[in-house]
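Here is the structure we will look at.
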Amino acid sequence: MCGVFGIHSAERDVARVAYFALFALQHRGQESAGIAVSDRGRLTVLRDMGLVAQVFDEEKLQALPGEVAIGHTRYSTTGANAWANTQPLVHHGAARTVALGHNGNLTNTEEVRDALAEDGIVLGATSDTEAIAALIAHDPSPLPLAVARAMTRLEGAYSIVALADGKLVGFRDPHGIRPLALGRLRNPDGGEDWVLASETCALDLIGASFEREVRPGEVVVIDEDGLHSTQAMPEGRQALCIFEHVYFARPDSTLAGAEVHGVRVRMGERLAAEAPAEADLVMPIPDSGTPAAVGFSRASGIPYSEGLIKNRYVGRTFIQPDDALRRQGIKMKFNPLAEVAGKRLVIVDDSIVRGSTMHQLVSMLFEAGAAEVHVRVSSPPIVSPCFYGIDMADEEQLAAAHRSVEQMRELIGATSLHYLSLEGMQGATRLPEASVCRACFTREYPTRVPAERNLAKLRFEPAAR
Amino acid sequence: MCGVFGIHSAERDVARVAYFALFALQHRGQESAGIAVSDRGRLTVLRDMGLVAQVFDEEKLQALPGEVAIGHTRYSTTGANAWANTQPLVHHGAARTVALGHNGNLTNTEEVRDALAEDGIVLGATSDTEAIAALIAHDPSPLPLAVARAMTRLEGAYSIVALADGKLVGFRDPHGIRPLALGRLRNPDGGEDWVLASETCALDLIGASFEREVRPGEVVVIDEDGLHSTQAMPEGRQALCIFEHVYFARPDSTLAGAEVHGVRVRMGERLAAEAPAEADLVMPIPDSGTPAAVGFSRASGIPYSEGLIKNRYVGRTFIQPDDALRRQGIKMKFNPLAEVAGKRLVIVDDSIVRGSTMHQLVSMLFEAGAAEVHVRVSSPPIVSPCFYGIDMADEEQLAAAHRSVEQMRELIGATSLHYLSLEGMQGATRLPEASVCRACFTREYPTRVPAERNLAKLRFEPAAR
Amino acid sequence: MCGVFGIHSAERDVARVAYFALFALQHRGQESAGIAVSDRGRLTVLRDMGLVAQVFDEEKLQALPGEVAIGHTRYSTTGANAWANTQPLVHHGAARTVALGHNGNLTNTEEVRDALAEDGIVLGATSDTEAIAALIAHDPSPLPLAVARAMTRLEGAYSIVALADGKLVGFRDPHGIRPLALGRLRNPDGGEDWVLASETCALDLIGASFEREVRPGEVVVIDEDGLHSTQAMPEGRQALCIFEHVYFARPDSTLAGAEVHGVRVRMGERLAAEAPAEADLVMPIPDSGTPAAVGFSRASGIPYSEGLIKNRYVGRTFIQPDDALRRQGIKMKFNPLAEVAGKRLVIVDDSIVRGSTMHQLVSMLFEAGAAEVHVRVSSPPIVSPCFYGIDMADEEQLAAAHRSVEQMRELIGATSLHYLSLEGMQGATRLPEASVCRACFTREYPTRVPAERNLAKLRFEPAAR
Amino acid sequence: MCGVFGIHSAERDVARVAYFALFALQHRGQESAGIAVSDRGRLTVLRDMGLVAQVFDEEKLQALPGEVAIGHTRYSTTGANAWANTQPLVHHGAARTVALGHNGNLTNTEEVRDALAEDGIVLGATSDTEAIAALIAHDPSPLPLAVARAMTRLEGAYSIVALADGKLVGFRDPHGIRPLALGRLRNPDGGEDWVLASETCALDLIGASFEREVRPGEVVVIDEDGLHSTQAMPEGRQALCIFEHVYFARPDSTLAGAEVHGVRVRMGERLAAEAPAEADLVMPIPDSGTPAAVGFSRASGIPYSEGLIKNRYVGRTFIQPDDALRRQGIKMKFNPLAEVAGKRLVIVDDSIVRGSTMHQLVSMLFEAGAAEVHVRVSSPPIVSPCFYGIDMADEEQLAAAHRSVEQMRELIGATSLHYLSLEGMQGATRLPEASVCRACFTREYPTRVPAERNLAKLRFEPAAR
């Protein structure tokens, strides 16, 4: 997962606006950050490991003048060279230079790479992102056409901000798997500028208004004459990743017309209807389970309460507890409230991936004296990996892929366990079933995917050198 | 405000335990951190600016062997030299060397300094903490007596962990203004060790059990023979800072027998009873207002919801927005949910100090379309400064010190504004009125305080050099 | 002043080789460092403030695969945004993308900028380097021709390594003002690769053999087929900066056929012949005056000795001495030996710019008891500024520009002062007079220069935005 | 090896003076640095890994007020916890607290530790320094007597600055193995203050005058009443480490009445007389061999020249060359001048320890075309380890310990090899033979030393915990 942002403005300090927008998108990636600017055709890119506030300082922002900026925050990756994977990535092609920030994941990278290689265009080892940039950079067609032609060769998920020919470009795969919002920023002089962002919460932070989403299959090109839209690919069945609603997006963002927070509350409400519990308190796993717990409480009438207090400073400590601390169950991240003692609890979270964290939390609550711990999950069991950019786990690591709900309950040690039904989840989004990707719950992918559902096999190996 | 911790253990890696305990107390101070250890009489101290995880690494922890450790986290201070104020502070006296971490604030530092100066003992410029250490370090009496004699000369608030004569010492002013908990840590070999901590959440993190609080006026000395307690000062009227319950302590800590989270929920319940509102939603200012908002919702039956989403990455960014961003009302810390539009809202926070943040949040909610914004504060108006270690503001900066509630309502621009009554707050704590300090609400201080209630006048000036 | 390096190799880890070569060129610039690589057409650039060893680590080097690398070290600049000035600079033009590292300074940047602006190509604010890159990047001619055409529009000094069309390019202004060496690196498999470097000392460090210098006006393009040379500009009168021999180059480098160390020794020998002194010891100002002092000693028969010991750790301390230390003449950088007491000294340095340092050193030696201090300078008086990349000072700051030698002697407080004659300096280089630039000594510039010899006036102002 | 400094001054910013003095002593230790101050009895210590300029900044210096300061720079140590070994070390004893910086090495640490342990005083794992501090800190005698009594129990080398009872203390082992100078610093108001420093070059940098050396066996205590001297141990045979003169001390320091630079020049002169060579040039290994090479040149009449250019930026690069670079003989630190080609060279260095570096340099010179390489060493063969603080190597690693001079010549591959004789070296110092320690050349130690001359066996093991 990643966050992307783009702005075209002759009036504004575009790098500074991008900095603040990335700040709002920090939850979509904490490993690295970068900004690329175009200053009347001159491209400058600055990217490095770390949080947005660690990568940039005043001097560096001031070294990024221009009238177009794109920015990117990247989720932690394992194995591959992390610095090499920082974005925006720049590719210099025969036709143009392209700087590009990608949110998503291609499923046919090898095919694209092979096709490019036939044309003598060799790519780096680790990135599907570069394949996209290369297609555009080497195509002598005018920019919108070059993007459109590239899109015909890509499969998978891509919501992209790019910078080419001095213009800001945004485009989204024909299924619209990852979000991409279009906004307008009013300037001091009364004029307006266009911005693009992964989530509307970034528009809010910088004071931009939300215009609409970039449509699946649409290319928008923004230059000094304004916005130019091309429907590059027929807008087929949309397949917005429903996991954005379930977990990934910030609750104050609006996706496909629905504010995420409200969707999550409704998920909790439906969960309460589908899987009620006799209990004294409803408690979230903070912060991911909070809105659904609120909804569960509203619908069930069982009082809402915080129950596990999260340590806000958990993060980059590399000190390891010793054996004694480990045996005593060191509570680095969560601590249960004493008031859970003797209570029958409903614990709400958005999903269970491997199950180990939930097992620990359930144990912790029983140790704190809870009488019963009823776990309610505001989405269905995850049974299949994501090939579109969410690094959940391989199928074999997904606890629910090979377990019944009762087996899952045993695994986590809860008094009872219930998941929200597929229909319940869908209903909470108020989106038509045909408009979302639910493959991690259903194994029905909107695009071709590898026969072997093993993410490790999808990882791009370095080319032999 | 600060956090303190102490451990005596022949079995454990005491510095490592202190590291993790300080991690749980990080909310009590982010400016600096330090640990002092005694290794069979040998004292080593390491303190520096930054978060606990920034100050210590593996090599440094391993350079801190010993059987006693004390630790300290310090709140941000302004003006004075920050490095000089890092703790634990060490004072070498005629009788012994004392390492000491202090939570609180003396009100008669000048008197103590003058008395020490008469004995030829000159203190540094900026710290009341050193006066305490000096009194103990220069007193040839046995340690418990030396501490007791020191306490007779101190006025104000002090909850202290110290390390002297190879022993761990904890003591608390006769009013018990700041908290200090005593815990037991079970060891792999079955034995037990004593620990001291500002809050019980630190005991929880390291797997220690809560034994009791150090009593007001009590001195505990912990050595290889166990715990030795002396009631050094008659246990007078206790005056636990009620603001710990209102705001400062972590909700999962237990103070004076009550878990903080529950107290805050009850404050919200009473607030709903005292100052009901016709409204559609109850929302907290996160995270400080969350438990009281939950309580308000329970008591009023108005649905609870999150309404302002907090950016978890706000912190050390030094990049400033430009004028255009500022005019557009950049939303670095909070963003309102769209679902507030058209709604009548109850907004709950624990307190209002200067009023400027609340004014911004109320404006933000109205801009987001809220129909009404009823502000409810789960404590009474703050009218007088704290001389006991909470750096609120001077009296003139306290918005409510010179304003009626109606004037406060105008200041923040709310539809209505109500505070919890003194009685309501007291009742929520379930503590006798006589057992808490409520001076910031009542101007009735448990100790002598300066006639001029101007904190700036209290700041210790450097001695002429 | 700056250092540049380039390598084309299918066999080697080109970024690693560039790293070590830049290490040898660190004396030519300590402010920033950068490396750009081309990996089968893919360009990656990493540049940042700091020494070479501070900018790069293993992970970053490994993120720079490729078969061509160029590198750059930059001298400290004042005023302008330092990060923006880091190199290699990348310019994406209509015809190609060019990454480029520049040693030297143009004298007609404004003309080139204006001409580019007429073609709609707008440059950044602070850099003549970008003008060069832009000319090549926008010219649709084949690469060698594009470089050649760019060179016809440039005036001033430029020794350049560039990376374009996946090839390594080196070129040098028609006067060959700044050095640029061509070398061959033998590979483990027996093959050979071409490298380019500002100085031969970089070839030595990486084990490359020196082939020849890039000729004034020559363009070399290096690709998988080897080296292609074009004499782009008629090889006119060469004008190698004689100050490279006097001061700037490392003594173990060979310039225009002469090893710098030997040239400096001969300067000292001639100085002894031209301006003998009755003295007991000959001493250098280390390290710049050492070879000439050795030469002076050899020719005069006066024993050579060190006399001022240099603190090797002087550098980035930002602690200021207080007044008391200042009054006592704190000796941060140099300390005289006691053995100078009572002696008649000859002190040799390569040049005097402002005169203040030499004044301090002469005073220091007299305070240490020197009987006489005869200053001998192994080059003539500097009377005019350099427009070709050595940031000496403006004409008004050049102490000798408006002073006689006797006035200079008074200024520095020496017993006697003599400079090497123009002929002596020239003779020491064993180069024909017509082959060097000596403008800082003669005011005779090999190219057009601004009428007002004020460097501040030459600084490029940011374009109005 | 280490550097120490101390100052007592009511008038000066003592930490700042210490900072600059440590800057002059940086060559005696680059691993860590620290300063301790006493402010009217209050002790503050700041020590950390890194160079002096890295450990301290303005805020930290300003947090170190006081009227006494001591400082320490520490040489790189291996194995043990480096942070734990930073100094000044503080020991809090029954009688007083002592902060102490140590230059030297005890040879009876285990005995002292055992004796202390019998008194119930347990020391840390790695340091002989603490044993010294503990003896003083636990002795109830007046300070000068406590120091004197401690000295009676110590064997080995110790030149120490300490801070106890608010006073500055300096003392030196009865053989005076390591240097310690006493100086006077004139203040703005006309008064004077005493300072102590490992070398006189530190006095020079801060503008202090050299008064005399602290005598072997002497204790000086400096307080507001001035200097108090006690001859604590009978001034026996002095045994100043002659290796300070050979290599370690800065050339601008004066030791035992002789300026080091002059001693080294005379060593070179005598070497020329003892071991002449038919040669064209005399060249040093910079910087350690420079003065002796100057002397050799003077005495032999063979012209002096630099021949190997040292890269001044060698230091903390952690990037490793790859195999290809290694095979090509990467020249990170030294590069030979081309002018050595065809020449018969005399190469002068101060000593040979393991022989591997000299072997590389000789090979490098032959590869550069040298006709003959005559190596001359300005001290005798090192045959026995140092137990007094110079971490040369174990006896088995000392190349000359088990090799004849001819075998050494073969090892390093030189045309000829000669060492200065013991008499020659002694004569150059102009000190009586009986006044120096030459044990590394003669195996005659001035104190008892372990039978097994294996330094690894001397390393202090951590006490069982």
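A, B, C and D label the chains in the order they appear, each numbered from 1.
Basically, a contact is a pair of C-beta atoms (placed from the backbone, for glycine too) under 8 Å apart; a residue touches a chain by one contact, two chains touch by 3 or more.
Because the structure is predicted, anything quoted here is derived from the model rather than measured.
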{"item": "Contacts common to subunit A and subunit B (chain labels)", "value": "none"}
{"item": "Far-end chain from subunit A, centres as C-alpha averages", "value": "D"}
{"item": "Rounded Å distance, subunit A centre to subunit D centre (Cα mean)", "value": "59"}
{"item": "Distance between chain centroids, defined by C-alpha means - subunit C, subunit D (Å)", "value": "37"}
{"item": "Interchain centroid distance [CA atoms averaged], subunit B/subunit D, Å", "value": "49"}
{"item": "Chain-chain contacts as defined at top", "value": "A-B, A-C, B-D, C-D"}
{"item": "Of subunit A, residues touching subunit B in the complex", "value": "11-13, 16-17, 19-20, 23-24, 26-27, 51-53, 56-58, 61, 185-188, 201, 204-208, 250-252, 254, 259, 261-262, 265, 287, 290-291, 294, 297-298, 303-306, 309, 311-313, 315-319, 321-325, 327-332, 335-339"}
{"item": "Of all residues in subunit D, those that touch subunit B in their complex", "value": "39-46, 59-60, 62-63, 65, 81-84, 90-92, 96-97, 121-125, 130, 465"}
